[in-house]
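Take a look at the structures listed below.
The following pair of complexes shares a single chain, subunit A, combined with subunit B in the former and subunit C in the latter.
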Partner chain A sequence: MSHHPSYLGVFLTFARNSLIRDMTFRANFIIESISSVSWMIMNLGFYTLVYRKTTNIVDWDKYEFFVFIATTMIVNSLVQTFFMPNAQELSELVRTGGLDFALLKPIDTQFLVSLRRVNWSSLGNFVVAILLLAYALPRIDGWTLSIWHVLLYPLYIVLGVLILYSVMITLAATSIWLGRNQSLYDFWFYLTNFSRYPMEIYEGAWGTPLRQVFTFVIPILVVINVPARLLAKPLSSEFAWLGAFAFVATVLCLAVSRWVFKQALWSYRSASS
Partner chain B sequence: MIARVQTWWTILRICLEERLVYRGDFALGTLMRFLPIVTQIFLWTAIFAAAGSGKIEGYSREDIIAYYLLTMLARAFSSMPGLASGIARQVREGEIKKFLIQPIDLVGFMLLARIAHKVVYYAVAAGPFALVYYLCRSYFPGWPAPDVFAAFLLSLALAFAVGFFMEMTLGMISFWFLEVSSLLFVYMLFTFFFSGHMFPLEILPDPWRTIVDFLPFKYLAYFPAAVFLGKIEGDAMLFGLAVQACWALFFIVACRVFMHRGFHRYSGYGG
Partner chain C sequence: MNAIEIRGLQKSYRVYQKKEGLWASLTGLFQREYNEVEAVRGIDLDVAQGEFVAFLGPNGAGKTTTLKLLSGVISPSGGEAHVLGHVPWKRENEYRRRFALVMGQKNQLWWDLPAQESFQLHQKIYRIDPEQFRRTRDELVDLLEVRHLLGQPVRELSLGERMKMELTAALLHSPEVLFLDEPTIGLDVVAQHNVQKFLKHYQAERKITILLTSHYMKDVVALCRRVVIIAQGEIKYDGSLAGIVDRFSGHKVLTLQFADGRMPGDLARYGDVLEIVEPKARLRVARSSIADVLSSVLANNTIEDVSVEDPPLEEVIAKMFAHTANEKKSEAVLPVETS
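This part shows the complex of A and B:
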């Protein structure tokens, strides 16, 4: 008899329960999917307009940049599907004292509070992003699909999602210290806003330090840039180090966020019971 | 008459107190709202570096950044977070009944609450706004002529009126449909794209460029900023102000009409 819970089994149960819950309010589910998709379509419209006035942004031409946007959509939709609702709920759990129940369960607390709820409607953007990739990739000059694309692109997407998750759970853990963290979502939005652009645009007296901070201290620039460049641009040795760095950054981020989360848990005082 | 003024004054004071409870949250939120402007500066620098000619639709790089900063100011006047959804919630939960029973005008009460909200917001946000504008002063072409500046201030005030009464009208629709959140989302998308909050509207190709001229959205962000930067001047500016005032008037009447029709339809659910 094993004393370890089956993490995969528990996660699949969470996923199924969430799907049942989403399907109970089907109209709401459809509206939410449409809203998040239309938001991205508007964003795409903006860049279409910009590319009528210019041929490229830094060294990204129109279709390469569409791949970049699609990558942003994929990563963000995965984060929103699996982690966003949970991180938001964590501060609520702290405020109401509901975290007590999570602590009592015979399973890793971080796992439980991070993956409890799956927000299926956010996957709408994922589908649109795949369509956008299928549209943009063949239109890039001299682009051919290689085995590296197929193998590494999904891998770097996962690494990106994990980095964003680490930042998010660290932010959410601060709600344990602060008691309440309502502006979590705002702060998250403004922080990840920096990651939505090719890192080369951060240039100059202010830009270069900014780029270095967001590459090496809080590596959110790695999140989109590495997979997008891998897929849209020919592989170059120049960016090989960045590809290697992405692995190191992900491991470090996960380790640090785990440490912060555990520290925060130690200072948790139950609000009620 | 005096009693009436006293009533409204009391309501305004209560609303002010209510808003000040969250002043810390306010100040932090305001500062964070400027973070996207940093990426916008870098993005447009990159776009202009590639565009070559140095101007896009008459806007230089400096103009565009000044434009974004000015639309943020205009949006501080015209955006009404939670107004329509608040009315929808009151209708749904039956809270709106109090305006039917008490001798208080719904629109007037909401207007005062919103003015209190805005006054507190400006008091808290003035610091961050001044700081960011000072840091970015090199992007501005300098102070406009006094008459242009007066027109700019007037357009900001009208932007508040258009924003408030348009969203009030939208909120009144909840008398007919109990759930309006998706409608509000569409409204938000439209305002974001067609108010010029995302980019100067000159960038839009025809026929869109013409269509936005017939919509009220551009008076929420684009118009005040364009007046300040001298993109719209002379007779066109006066004409624009007149149209903006007409839109404000239109929605003042529309929200009244919708309110009275709505009150007639209304049956109070909930306790």
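This part shows the complex of A and C:
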């Protein structure tokens, strides 16, 4: 026996077992995929209607905004595929005492509870989003693919997913203290709702403070805005700092969420048997 | 060498005291009353490597809490414990790969998947060498006679079959210490017997250290020479099974069979009459006077058969539990804090 668990091996087994499970309930899998894809397509239809009345929203024209929407879809589908089912289940694990078993395993507990389920049906949106990018990008005026796009876009997508994961696991960890946290999903929805629009929207007496809070305190505005802008807009020095900030924000978010999670575990007392 | 060393181990919980009714629930939102529940109150215990020890005690006595402390699932309020030289609640990986906990009332296998998929996962988590994994798994499922069920989703297994799969999963990494929390709960007699047989064989073969809690005296009789009785979070007894009767029961059960209908009417003078089914009578007699009673009975009656036995273990233990429960009631639970 080697002394370090193979994290990749464990993750792949989780992914594999989840797929086997999803395939057992095929109809459910198909319905879930269809419903999430159709929800995104309706969303897209709505913005198409809006762009019939106007040529741009806070300086984002139709195809640029489609890139923004596609980015939102990519990030959200990744979060929903890998992290959402686990964060939701954490509350249940705490209430039923199932967390006991996670704590017994010779492997990082946060890793174990964060990735034990993979919700493959949520990847449907990922595919749709890639198609949308392929459709919208060539239609942006003067757009050409550069090496920076190829290198940085996936990287910032990953950073965005990690920021959202941190927020989510922090929220979920509170259920360890509260015993039950049903409002996790609602709160999550309110929060991510803000991240779904270009940050220029948040301006004025209310808007600016809101933007600052959601950039510097809970940096969810960085999640979509940075990769979407990188891909759809010409690179400008003005946003270079935001690109750099995204790195710092990700590291800080992960560190804070890890700290909160550890504190929560420490106070876990396990449900009665 | 000791596998488990416990010194002054304590665990108390703060429990929100919910009052009855809507109004009380509303005021409870602002002002809560907590009770301090002492689940474990300073336990000292040494268990040698290779021992198979039973934890007995009434519900809520602190048995499960102790096992959870020793598995590092929860942290103590005070005291120390070392298992295989590790402090459990530090949750070190080196420790976690050397023990296992099986809880009869909870399951860790993936509900919708065949057990073999969960076993695969354990192989990855514990990083068991594939060849060794196969060997151990095959040996375990053969011993437990569940090989043919490996491909069936866990939710379709019977309780007994599921328990056997849980045991297999827990033993795949060949733990040196095993904590079993009511592993036979809810099982039928046959399944119970199978699990006992397996545990006995496995422990004898591997010489691992096992702590078992169970409410089935049959488990204990079949498996453990040493018994630790916990009640109200304290150790009340630590010794052999037979010793429990000596220590907690001052009585013997005397069974007499009288010759053709000559049963005397005044049996009560010899001891408490437990049962009369002519021509037999069962009496409970104080241990100290058993010799006198016996000679007096034999001198005054025609006896065809006689036997002197210890009272049944279950009865002695039940009485002892009831006794400690009464002690507990007289000791009022004090509300410690309001905020």
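Note that in this section the second predicted complex is superposed on the first by the 271 of 273 C-alpha atoms of A that agree within 3 Å, B and C clash if a C-alpha of one lies under 4 Å from a C-alpha of the other, contacts with A are read in each partner's own complex, and residues count from 1 in each chain.
In the analysis below, a contact is a pair of C-beta atoms (placed from the backbone, for glycine too) under 8 Å apart; a residue touches a chain by one contact, two chains touch by 3 or more.
Since this is a predicted model, take the numbers as computed values, not measurements.
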For the combined arrangement obtained by superposing on subunit A, do subunit B and subunit C clash, or do they fit? fit
Who does A:39 touch here: subunit B (first), subunit C (second), both, or neither? first
Angle at the Cα centre of subunit A, taken between the Cα centres of subunit B and subunit C once the superposition is applied, in steps of 10 degrees: 90
With the two structures laid over each other on chain A, which partner does A:103 touch: subunit B (first), subunit C (second), both, or neither? second
Output check: A:236 vs subunit B and subunit C. Expected answer is one of first, second, both, neither. What do you get? neither
Classify the contacts of A:187 with the two partner chains as first (subunit B alone), second (subunit C alone), both, or neither. first
May I ask you to decide whether A:31 touches subunit B, subunit C, both, or neither, giving the answer as first, second, both or neither? first
In the overlaid three-chain picture, which partner chain does A:53 touch, first (subunit B) or second (subunit C), both, or neither? first
Who does A:20 touch here: subunit B (first), subunit C (second), both, or neither? second
Subunit B to subunit C: minimum CA distance in the overlay, Å? 9
Per the touch rule, the subunit A residues reaching subunit B in their complex are 31, 34-35, 38-39, 42, 45-46, 49-50, 52-58, 182-183, 186-187, 190-191, 193-194, 196-198, 200-204, 207, 210
Given the complex, residues on subunit C that touch subunit A span 13, 64, 68, 71-75, 91, 93-94, 96-97, 100-101, 103, 105-106, 108, 110, 112-113, 117-118, 120-121, 124-129, 153, 173, 181-182
In the complex, subunit A touches subunit C at residues 1-6, 9-10, 13-14, 17, 20-21, 24-25, 96-98, 100-101, 103-107, 109, 112, 266, 268-270, 272-273
The residues of subunit B that touch subunit A in their complex are 25, 28-29, 32-33, 35-36, 38-39, 42-43, 45-51, 56-57, 181-182, 185, 189, 192-193, 198-199, 203-205
